[in-house]
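Down below is the structure, laid out as structure tokens.
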Amino acid sequence: MIPPAYFLILSGILLSLGVAGVLIRRNALVVFMSIELMLNATNLAFVTFARLLGSVQGQVVVFFVIVVAAVEVVVGLAIIVDIFRARETVSVDDVDLLRG
Amino acid sequence: MLPLLIILVPLAGWLINGLYGGRLSKTASGALASAAVGLAFLLALAALRNPLVWQAGWRITFGPWIAAGGFSVEAGLLLDRLSAVMVLVVTGVGFLIHVYSIGYMADEPTTSRYFAYLNLFIASMLILVLGSNLLVLFVGWELVGMCSYLLIGYWFARPRAAAAARKAFIVNRIGDAGFLLGMLALVAAAGTLDFAGIERAIPSLTSAAVVGITLLLFFGATGKSAQLPLYVWLPDAMEGPTPVSALIHAATMVTAGVYMIGRLHVLFEAASATLAIIAAVGTLTALFAATVALVEWDLKRVLAYSTISQLGYMFLAMGVVAMPAGLFHLTTHAFFKALLFLAAGSVMHAMRGTIDMRALGGLAGPLRWTALGFTIGALALAGLPPFAGFFSKDLILEAAFAHARGGASYLLYAGGLLTAFVTAAYITRAVVLTFVVPARHESHPHEASESMAWPMVALAALSMTGGLLGAAFVGAPLLRNLDRFFEVPPVESSVPPLILTVIAVAVAALGAAAGWLVYRWRPREALGAVGRVFSRGWYIEDAYRALILAPGRALAAALATTVETGIIDGAVNGIAAVLGGTGGGLRRLQTGYVRNYAAVILAGVILLMGYWILR
Amino acid sequence: MTLPSVDLRLVVPELLLTGAAILVLLVGAFTPRAGHPALRWIAAAGAAAALWQTLRLGTGGASFGGMYVRDALTLVLQSIALVTTLLAVVLSGEYVQRTRLESGEYYTLLLVSALGGLLMAASSDLLMIFLGLETLSIPLYVMAGFARSDVRSQEAGMKYFLLGAFSTVFLLYGIALIYGAGGSTNLGTLAAASPSLLLFTGIGLVTIGLGFKAAVVPFHAWAPDVYEGAPMPVTAFMSVIAKVGAFAAFLRISSVALSAQFSQWATALTVICVATMVLGNLAALRQTNLKRLLAYSSIAHAGFILIGILSGNISGATAVAFYLLAYALMTLGAFGVALMLQRDGQEADEIADLSGLASRSPILAAAMTLFMISLAGLPLTAGFFAKLYVFTAALDAGYAWVAIVGVLASVVSAYYYFRVAYVTLTGQPRDDVVIVGGRWTRAALVAAAAGVLILGLAPGRFVTFVQQVGQALAK
Amino acid sequence: MLTALIFVPAAGAVLTLLLPRGRESTVRWTGMLSSATALVIATIVFVQFESGTAAVQFAERAAWIPALGITYHIGVDGISLPLVVLTAVMMPIALLSSWRSVTDRVREFTFSMLLLETALLGTFVSLDLILFFVFWEAVLIPMYLIIGLWGGPRRAYAAIKFILFTMTGSALMLVAIIFLYVHSGTVLPARTFDLMQLLDIRVGMPLQAWLFAAFALAFAIKVPVWPLHTWLPDAHVEAPTAGSVILAAVLLKMGTYGFLRVLLPLFPEATLRFAPVLVILAIVGIIYGGLVSWVQPDMKRLVAMSSVSHLGLVTLGAFALTVEGLQGSLVQMVNHGISTGGLFLLVGVLYDRTHSRQMDDYGGVAALMPQFAAVSLIVVVSSMALPSTNGFVGEFLVLLGAFRAQPAYAAVAVAGVILSAVYLLWMYQRVMQGPVAVKALALDPSGASGAGPVRMIDLSPRELLTFVPLIALIFAIGLYPSPLLSRTEASVRALVVRVDEARGHAETGFGLRASGFATPIHDSQFTIHEFRVTSHESRVTRGLR
Amino acid sequence: MELVVFIIAAAAALAGGVGVIASAQPVRSALSLLLVLGSLAILYLLLAAEFIAVLQVIVYAGAIVVLFLFVIMLLHERSGEGRHEKLPRQRPVGLVLATAFLGVLAYAVFTARGGALFGASLFADVPPGFGSAQGVGRVLFSAYLLPFEVASVVLLVGIVAAVVLGRARPVA
């Protein structure tokens, strides 16, 4: 058997990778993918705990997370596309009109 | 109610002239004012018929005035042997001067304001002398100061007059501050300000307290009565109309200090240290002022310094516990000094305002009566018999001598004598330069109107005969009365008074002779370096200007600029600036880049977690 | 399979909102011209009905297997949320029409978002809180970018979305940890959970997720940009509803369910709270754009409200609730005034645009002044009692120094609030600024102003109503 | 009764809003009538006020926010009575003075002024700390408007400075109030903001000191006590005449009133400990204010700085903690209201004519405006505390109280007496005396536009009317202060007794008997005897609630 | 045996994760994401979560990533990272922060339950059909009814959003 900690560590690493992606990438799409990555890391944690506790709750939560994620993707992509239409760019650094 | 009426009548005159004076003719308002004072004089005479006055004193109270906590003072009047004298002097001399003013101010466009002030002054002075406790006295004390401010600055359009007025008031204020503290101490110590109460409380007071209190009060007196070190306002006060100088700055107000000491004589007598100081200050002032008068060219200023000097005599008298003598001199001085001023005024009036003795002379002819009057006054001042001044001054000198015999130093007596010499000299000089020496002007002056003449005549009469009030061979009515008030036995001294008298007269005569000899033939005589010191008033005022006034103003300016706007307000605005700057800085932190924001969020997360782990 | 007790009567308000949302959507789809008045009527009616039902239902009862609880906290905060919604709907009345936004979708999203707020107030399960949060947020992301002709609006949408999603993950991960540590997501169960590092870390992450929604330092950075970019009525609605939802969840977690464990976070929370108050107020000092100014002010107010959470006692909870109510009224009011103006076709969102308003419409100027005074927390207005409450709570909990920082911060705030008022009252009216807006906006304004005044003069009944929150904690 | 007093002006204010547009004279009259009504009521209160008891009279008490223990509790005692009357007197005068000088937005102006009056009266009569605070802060807004809307060129700065300064103080005061409230829960049956109930609790010392500090700061800023005064000159210089009048005459008294109403009774121990500090500051203020006034070229600034000096005297009296001192302090509050209010009116009269406040622009005005000169002189001497004017009574009592506490204090403070003469007469001389030299700057208010010839016409009947009541009061209080003193006596005694209790019978540190001069006078037996009386009275007070 | 699978899957996941954030072309990122999702699905199987695994494959791999790819194509894979870096300091700072974050998390996991999470036999033995569609579904439609309904509303929002933002922008 594999210690649960392994799974958790893995999820932790994935989460951190996602975080890093959000911080260092400029392409909105990639940034967004990184966020998806983070979500998946979360899911992994949930599933792990579910298994650990032998309660299905965790898996149910994951279900909802996936649903929400899907919605977020829709909304997010819509926004990104919309902005691209207007500015011909998907770099998050180029949306900096609002500041101060 | 009579005593109250005595005050109310001039007060009414003030109100009428003040409110409706505009509608009265000049003579009308003058007449009204004079009538008010005259009536007051008559009322005073009537009041004196009340036997109470000659016993414990006629006391009228109108209930408490200020009462708070343990302190309470009543609004009350007291007419007794002492205040009787003062009331008569004030109203009497006051009346004459009112009358004189009618003529004197005839050329003014309006006089109602003038007479209103004058009446107000009389009323205030009466409050001063009739008050039954120190606080009421203080009311009068400050009100007369106010009136003198108004009258000195009567021609307020003249900057010098306005300045002189302000100076007078402020210097008086400085003295009054001491007076005020004295009263506070008195309340704190004796718990009352009522004259009778104070006398009762004296035994329970520590001598330190008494000395302190009396010194403070005396400081007040030096302000009001123009003694060293606060005399400086009086010479400038001559900017006012001459009758004012006569009334306020010679006859009445300036003597308030003497009166106050007399009024509180029991308290002062309990403080020998203070008395010594008073005597010393008096003598010094007398001598000092006399010397300045010796070199002053402005006739009125000569008289002003002479007033200071004579007041010095009075304080000398108070200091050597010859209070009756002091009050006696006060009375006679009121007569002859008023006379001198009125005469000077009539000179001024005749010479279209010229008062510098270097531009006068030869007036004995055209202004015969004035000259006569002035000379009488001069003789009285010089203390030559049989004129009024002789009796009172002689008495003071005797007292000083006796005091010295009593163990104190002879300096006081010596100072007194020396002053007598100088006095005779400078007044002779004034007479000579004004009337005797050949004229140094082209104008053709002529005597003033009747209304100005009669008061002078009256005063001249008083200056000649006033001495009898204290002359032993006619029973000295005034003096005896005062003796009774002060409960002093008539001074007896081992040296027969006659000798002292002779000495005094001789000195005075010498002085007069000296003055005559020097100035009759060498009018422009100056005393060289000494003279320069004298004429600068011994540099006292310069010292004040350099040591007090200038630094004070500099300090004020520094506070107003450096401290106020620089430090205090600077700090306030500084804080504001700092906050605002921080705000600006925070704005720059808001870069507008999503990734920065994300980084900030993450940093927050890590900090939070880290805090948790590290705790 | 065993179905849990499903008591639909408890969720009537939610149902009403949902129904209204769908109805608006359909009607919007089939009405020819955009911004048909019918839509706002429906939306308003839905919100009003929901509010009415909430008040009628009162407290009592849980349902859906302890997912949903309707207690005093639910009652009070849902009412506040619904008041906000109603005001926001009415407020955006003419604006939506004027700027030809897709009204159907607009109101749908608005109502759904409100629904999310209600759920957050009522949910007794972390999962529900998460879902509620998303229901609240996602519509807001869209609404922020709703004025699609305006690049700034898009930018606002994008920033809000990205950062929102980003921070939501932390919330989620926190839930995961809590779940892992406590073995359940149900707050009732978790209350008994034995404290452990995982649990605390989880709570911390959840705090962060909520903190982002409530815009507390250091998770506030999005607020100014989004507020400035989003269409004004959206900003108005967003600035309130997000806080209501977030603080509802906050109260639920910190004060009701996990108070014991949560208290461990007090120190950290204190720092956050103070930082929020100070930074929010200082940063607002130099703002020239009204929306931005109000954004920072909302951050600052979040800090003040946080004091109530921090003190974690009954008066604290009450303070939070009362403050939210007051905040809703005065903020919506302030935005309402700005909504009455227009600078050559655009929003009049610069402070300068208010210049000389007094000479044009004294009423509007007076209203603006009133709201500013209230925001500054001076007496006779709602803002004062809100602050009084918060500080009382702080002192109750022994946080004297936090209270002191708070009052000083509010002094600083007075500076910029009074600046706005001053510009409004004096100065020359700008001729490129015109007064637009119609009955609806005006009605909302009147309501808000009245509310602010009533809460300031005779808050008695509201206080007693709000104080029920205490019951939720009193165990 | 008091409720009516407070809210009559408010009603008037609302009325002005309801009036149709452009009816300026109607608005003015509405304001005048409502404030006059308030004056009438205040007079009735004053007359019916029963002296010889420290009990609160005309008390009214109703629940306001029971959930928070906030009550609507108002009433007057000897300490608040004079200020209530003062407020009621000054407001109509202020309105009258602005009759012509305020011409734009008359409605708003009148509204603000009436609101201000309500807030001020409320501050003075409220006996519930929150109510007090509400009114206290409510004062800010109309005053801010008055300065900010009708003020001079730098009005924006002055107004915000005023607001921020005051709020900083009151913010901390609020914390202290809440603290008391929370604390009261531990001692009393229920938490309360009611001052009368809070009097029964005694906060422990270190804590009490902090609370004292918080309140003291708030009040000191309002007074203003040196060095917290810098908002005052700016506010005064920029404010319109009416604003300055009310600001000087009434607003500043809120602070000194606070000293007597809150600090002394609630925190006697702390008061005893910190009184010397405040006294020193007060004295510094007296001297400092006097000196700075001396070199001010701007008349309003001069008068403003003189306020710092005068209120230093008031503070001195308050913290001398002797009956005389407190009595004097109260009287002096009224006096300062009258005389300084008068001075600002005078400056206003000149300003209306030439639109200049610089003394250099004037000279020999007395020749042009004799009536005005006479009036000014009276006001000036009252401000200089010349005996027989009101100023003297207060000043003397304050100094006496201070002397009893510590002769040195009085000795230094007396310098202020001298300085006041210095700067006031300096101003009088420069403006009124000397050769006529009025610079024809600014536009002539009476019609002619542009830098037309300045018409130094003498006082109009309306202007004269504004001064008549002041002059009447100046001499009334100066010659016959008993009506005032007798009404305040009992309350002040109770106050002193309360503080002396704290002092205990150990004559430690700062005390009545610290001075070399002072004898252990009957005053002490007085206090003992009074003590019974007042304890009985406080029962009376409770009976009222 | 399981361990091997885990290691492979984990390695793949990590590789994918790195790929997502490291690859220059968005397409590559998308594909790497796909890799992550797939390997996670395998891990889910290891954790007895068949239903979730399936869901993962269908929804994520099948829908979401495709959506991503579609958008990338739509924006003809302009990465937007060609031009100069506006925030030069962002990258290092980001990496540092991310590492720190990982450290914090790791610490939390390691110390959790006194590090007991490393015990191999901690996994409770679960009943058959624990993570099956049936097992999850039952709970889903009983205890989690309300969330389910709410989720539907959230989906509605997604649709609305798509409709709104998808529309041709109004001429302004």
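To keep things simple, chains are lettered A, B, C, D and E as they appear, and every chain counts its residues starting from 1.
Definition applied: a residue touches a chain if its C-beta (ideal position, glycine included) is under 8 Å from a C-beta of that chain, and two chains touch if they have at least 3 such contacts.
Note that the coordinates shown come from a computational prediction; the quantities given were computed from them, not determined experimentally.
Peer 1: Taking contact as defined at the start, I'd like the list of chains shared as neighbours by chain A and chain D.
Peer 2: Chains that touch both chain A and chain D, as defined above, are B, C.
Peer 1: Can you figure out the chain closest to the middle, judged by Cα centres?
Peer 2: D
Peer 1: B-D or B-C: which has the larger count of contacting C-beta pairs?
Peer 2: Between B-D and B-C, the larger count of C-beta pairs in contact belongs to B-D.
Peer 1: Most remote chain relative to chain E, going by C-alpha centroids?
Peer 2: B
Peer 1: Between chain B and chain E, what is the separation of their C-alpha centroids in Å?
Peer 2: About 103 Å separates the centre of chain B from that of chain E.
Peer 1: Averaging only over C-alpha atoms, locate the centres of chain A and chain E and give their separation in whole Å.
Peer 2: Between these chains, centre-to-centre, one finds 6 Å.
Peer 1: Taking the mean of the CA coordinates per chain, how far is chain D from chain E in Å?
Peer 2: Once rounded, the distance between the two centres reads 71 Å.
Peer 1: Averaging over Cα atoms per chain, report the distance between chain C and chain E in Å.
Peer 2: Roughly 31 Å, centre to centre.
Peer 1: Would you please write down the residue numbers of chain E that are in contact with two or more other chains?
Peer 2: Residues 86-87, 90, 93-94, 97-98, 101, 105, 108, 144, 147, 151, 154, 157-158, 161, 165, 169 of chain E touch two or more partner chains.
Peer 1: Out of chain C, which residues touch more than one other chain, so two or more?
Peer 2: 127, 131, 134, 138, 141-142, 145, 148, 158-159, 162, 166, 177, 180, 197, 201, 224-225, 287
Peer 1: Where in chain A do residues touch two or more of the other chains?
Peer 2: Touching at least two other chains: 8, 15, 18-19, 22-24, 26, 28, 31-32, 48, 52-53, 57, 60, 64, 68, 71, 75, 79-80, 82, 86, 92-93, 95-100.
Peer 1: What pairs of chains are touching here?
Peer 2: A-B, A-C, A-E, B-C, B-D, B-E, C-D, C-E
Peer 1: Where on chain D is chain C touching in the complex?
Peer 2: 63-68, 108, 130, 133-135, 137-138, 140-141, 144-145, 148-149, 156, 159-160, 163-164, 167-168, 171-172, 174-175, 178-179, 181-182
Peer 1: Contact residues on chain B for chain A in the complex?
Peer 2: The touching residues are 587-588, 590-595, 598-599, 602.
Peer 1: Would you pull the chain D residues touching chain B in the complex into a rising list?
Peer 2: Those in contact with chain B are residues 161, 164-165, 227, 229-231, 288, 291-292, 294-296, 322-324, 327-328, 364, 366-367, 374, 381, 386-388, 392-393, 396-397, 399-401, 403-404, 407, 410-411, 414-415, 417-418, 421-422, 425-426, 429, 432-436, 479-482, 485-486, 489, 492-493, 496, 515-519, 521-523, 526.
Peer 1: Please name which positions on chain A make contact with chain E in the complex.
Peer 2: 1-10, 12-21, 23-30, 32-34, 36-37, 40, 43-44, 47-48, 50-54, 56-57, 59-60, 62-64, 66-71, 73-75, 77-82, 84-86, 89-91, 93-94
Peer 1: Can you name the residues of chain C that touch chain E in the complex?
Peer 2: Touching chain E: residues 1-4, 6, 11, 18, 21-22, 25, 63-65, 67-68, 100, 102, 105, 108-109, 112, 115, 119, 127-128, 131-132, 134-135, 138-139, 141-142, 145-146, 148-150, 177, 180-181, 196-198, 201 of chain C.
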